[in-house]
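Below you will find the structure I want to go over with you.
Here the chain labels run A, B, C and D in written order, and each chain numbers its own residues starting at 1.
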């Protein structure tokens, strides 16, 4: 029972972190109709910038400045790269972000080298907040939850309660009309792209110390972010939240409990073949849930796309 | 009387709470030219989309030559001999004019999904496509990308694509929309020429075209057919007068 | 600008990768056009005929580049320092390391192997990834069978899959590192003496090496300390885990006294940090938790917790020669570590074999001298190249991650690995299934 | 810009009217009408070149690289059957080639069976297995194009790649599966011991596959793939189910991917996890797009260019992936038609007989431009060397010059070359543009 509580907290942290990435991505998608493959790269840039800033000015300045720098960079990418490619259509746009992701990884290696960066949790937060039957919950995790929830509430407030939010929502569905009403839609696009990437950057800043700051960090997270927003339904902020938490908890629980394929199959009435070790399916039979925990989201995504192509909360198909 | 080419029985369609088509019964005979008119927002295009299974009806049936079309996909309906054009030009802009028409011929010539025929070496395809290009007067434009044609030419091409498959029921959605008078005349002649002997169902705004072409006319107002009959009868119908005049008066306010 | 072409090129003794490549590039440019470049790049061999060249085929770009680059530096330095600075071999031949970037891809490795062979190179060094090593050893075997005129030797300095010196062994392959089983043998010897350890948790990456580590641990602990309970034995997807917290929770909850893992790279760091962060206090026995930024990243948090099984410990440093060597290396590569001291053994043993054979081109003769060689390593102890399977037998050390009592640290972090216990000539008599076929 | 290449995502014709300024009745324009017209001559020339290449490049490594190119070409062409011709963006296409290759490796290891067949037919088995997998996956993934298809392909790709290390019985884990091609029945006495023999086997399959894939694009289902790509709805009202058209394209693509996998198995005699992983899937997308998706021969150019980058440039610089990334992003931004689009842009001028008018302006702009870019690359290399080289290793050799990267002079020179080169290019660019417009306008003084 205690372990369930601990796992719930851990899954929440993972899920909320994923949400910070997917929120920006889904906003960008619903605005511009483009899946930004480089989104996780901005997350990586956030971590590296924050590391660099933290060397000079400490962690807190990194937390403040790095996302802004990433956001400005993101806006620049939209203004000078994506907007140009936009005229060629969606596929080149997507491929552009794909290439950008590769390029950012190479640039990070060029500047910071290929090793892990010693970017770590600030001293103030480096203690155990509390422990549940021997499992300590680091204070930093509580801090991560706090930041993520604050971001979500802030985002929700801006989108639903402010004038800017209204314009953005309207521009999502009727860009032409909004433009005709005298709003600068390209500027809104650039702003949303900037904010979305800044959110990714922020996620990088707070995740870097716990998940590691290294050139492969974007690749590790890259496609799972897509999976999240596809499951949640493209363009849906609530969908992104639900899917993020779902993935966070599914993977956490799958890793925490050793469920074996053999037991599952036996439970549904398929009996174990007699000479399993000679069978070509032996590897399949001996699968355990931690082995496949991190590919579960992909299975979930494929199933959802087959049976409900719009995703859990999505309205449009593609 | 023989089986009608197209028969609509109690057809209804709602989007959410809004009922757009409120129960339509209509029977169109073989080789009849039937026009559907009505004010904006009456549901004419929706009706077209229901017949061709672009939308699924909320209730009612569509019968083609007596056969119920319920549950069929657009391509299956097409194979049964019903072909349509669209309100907004709907061609393959990146392909040549010739290829546009040839693609439209492939299924009806029995090539289906084959990958053992080479289209370039098939004389039936080449000659068939050229015959249609000749009919729609686009033979000279044969090798241009369809997207580079003028608007009227693109509309003509779409009609060509629509009739190419040899369907005996042709549905045209506002074929002359947005055209100049000369262009309209040109397209009207074209329609007359290419649909000879076929069942034609068209939605049209231009009354000149409608009264020039149609054998019978149905008037659709707020999702219901308020009158069906010969052009002269429909013109004289009081309810039709009211519907159109009413719409015109509303528009003035 | 100063100096052109050959004069300078030979001033540097061991080849500087960029220098060699620069010259290749020059030919590229002069001819212009990718196709002519192709033939020139691949055929550029004549100029260096006197040098004894070793092709270093390992990742120099991509996620594993740091390990590869570090290994390359150690090879270049060892060749320079141990051979060339002392006058070369066979009356003055220089040893030269030619770097090939395999991007840790078996396919690319095979292409680069072919390029290396075409350049007249007879010695192939590789270490990162058993998958690549496996592809290379098979390719070398086939090549040598099919092309007796241009046979090559494969000097495996780090790939530890036991199969390479068992069922997949061949005459051309020599392994200078201890294989996974030998490491586990030594490690379990040490664990067996620690009475405090009653429960052990095994965790590793889900692929052949991770499985081999787990299997060996199960078997050997069962033999040496039947009272130890294996409270967890699990595999996680390789390179895909973003957050190790759930695994760490299980380890903590299992009540384990020690963790054994064969993880490497980001998976090692992620697992280790998470396990420590979430309240595990026992030792974590690892294969690869040192150098390449990992020591630096663990820093204070790993102190006294992370333990490492390896050959050739550097703390305490074994000989004055080793100390001088390390200092010279640090002077040249302030950012680098000698975290694979066996590379120096590779160079030393190869040099000795070539000298004894009196030839560098007849690789059969050189291989015959390598077989059964007993070599005194400057890092301490002897290296014995077992002739039955071409597996080097050597002293194994279990060290602890600490910042006290170090001669040399890693990653300039002040932290390093201090040897706690040593198993001499580990697994000297271990069985092998290798049936060595000699030409 | 005067000319555009066929883009499958063009919603309506309007854009074309704006972009094509040349006389539309000129035959040159036909080339870009979505069709991939080619005549017999280029095929014959290509075959001749392939047959006689080994006479020029005699060493084994050149053969190995050319084999690698051939495999990549087959793979990229097969991929373009989806992306270019069918408008389907797949993020997990390596698995079809990979599974085909693994199947071939298993056949190689079934000694009784393998000894009874000649090696040359092995790729067919790869093709069949690739096709089989495509039939299974395509049955649910081709229901729609666009994002849904792309994401399913990503998911399935990830799943199968993950299986490759878990399901050891078929994929062999991290070591992969290896075998020996020479155990097959000798083919007219050839045992395929030597690279040169493998080379001819590979190019034979390359030519066969390329011809078949080209012919596929001329068949009814191939033509309809283009139609469905451009306008799936219209295709439905022509009697074709978009889904089935996509499914057939997908299966055919899977078959040829499997052939590529089979060729890989023969060449390397080993298949590993890397044949399936997402990186390989990404690479084939890059290759295809770099070459140009709008033309049949685009992927061929892409495969050649990328293989050279990967194997030859990586011998010269550690930063090869960086340059490849820059090249790729620049291609997407400035030449969405890829290298093939770049070449085909010149066809109108050529047909108008005005291409000679472009030579001098090109030289005036591109030569300094290229020098400027090389200067820029030199700066990048110097920065990298300055930051990452070993202490005391101050000397570096670049473009046949050895110098000290810590001196000021080389930096000044490199910066000067860059600025002057790019500067001249910028100054002369307008006259190039003028010449370009002139060369693409029919009539007038020429």
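For this structure, a couple of remarks:
As a working rule, a residue touches a chain if its C-beta (ideal position, glycine included) is under 8 Å from a C-beta of that chain, and two chains touch if they have at least 3 such contacts.
A quick note: this is a predicted structure, and the numbers were derived from the prediction, not measured.
Path length between chain B and chain C in the chain contact graph, taken as the least number of steps between touching chains: 2. Per-pair tallies of C-beta contacts place C-D first.
Using CA-based centroids throughout, the chain positioned farthest away from chain B is C. Between chain A and chain D, the centres computed from C-alpha atoms are 31 Å apart.
Per-chain CA centroids place chain A at a distance of 48 Å from chain B. Chain C has its Cα centroid 36 Å from the Cα centroid of chain A.
Centroids of chain B and chain D (each the mean of its C-alpha atoms) stand 43 Å apart. Multi-chain contact residues of chain D, defined as those touching 2 or more other chains: 7-8, 10, 162, 166, 168, 319, 321. Among the residues of chain C, those in touch with two or more other chains are 65, 206, 237, 240. Applying the touch definition to every pair of chains gives A-C, A-D, B-D, C-D. Residue ranges on chain D touching chain A, taken from their complex, read 7-10, 83, 87, 89, 140, 143-152, 154-156, 158-159, 162, 166-170, 278, 282, 285-286, 289, 319, 321-322, 324-326, 328-329, 332-333, 336, 380, 384, 388.
Those residues of chain A lying in contact with chain D across their complex are 35, 81, 84-85, 88-92, 94-96, 98-100, 102-103, 106-107, 110, 113, 223, 226-227, 230, 234, 280-284, 287, 291-292, 295, 298-299, 301-302, 305-306, 309, 317-318. Of all residues in chain A, only 3, 6-7, 10, 13-14, 109, 113-118, 120, 128, 131, 133-136, 138, 210-212, 214-217, 219-221, 224, 251-253, 255-256, 258, 288, 290-295 touch chain C in the complex they form. In the complex of the two chains, the chain D residues touching chain B come out as 6-8, 10, 12-17, 20, 24-25, 27, 29-30, 32-35, 215-216, 218-224, 226-227, 230-231, 233-242, 244-245, 248, 252.
The part of chain C that touches chain A in the complex is made up of residues 63, 65-66, 69, 206, 234-237, 239-243, 245-247, 249-250, 252-253, 266, 269-270, 273, 277-279, 292-294, 296-297, 299, 411, 413.
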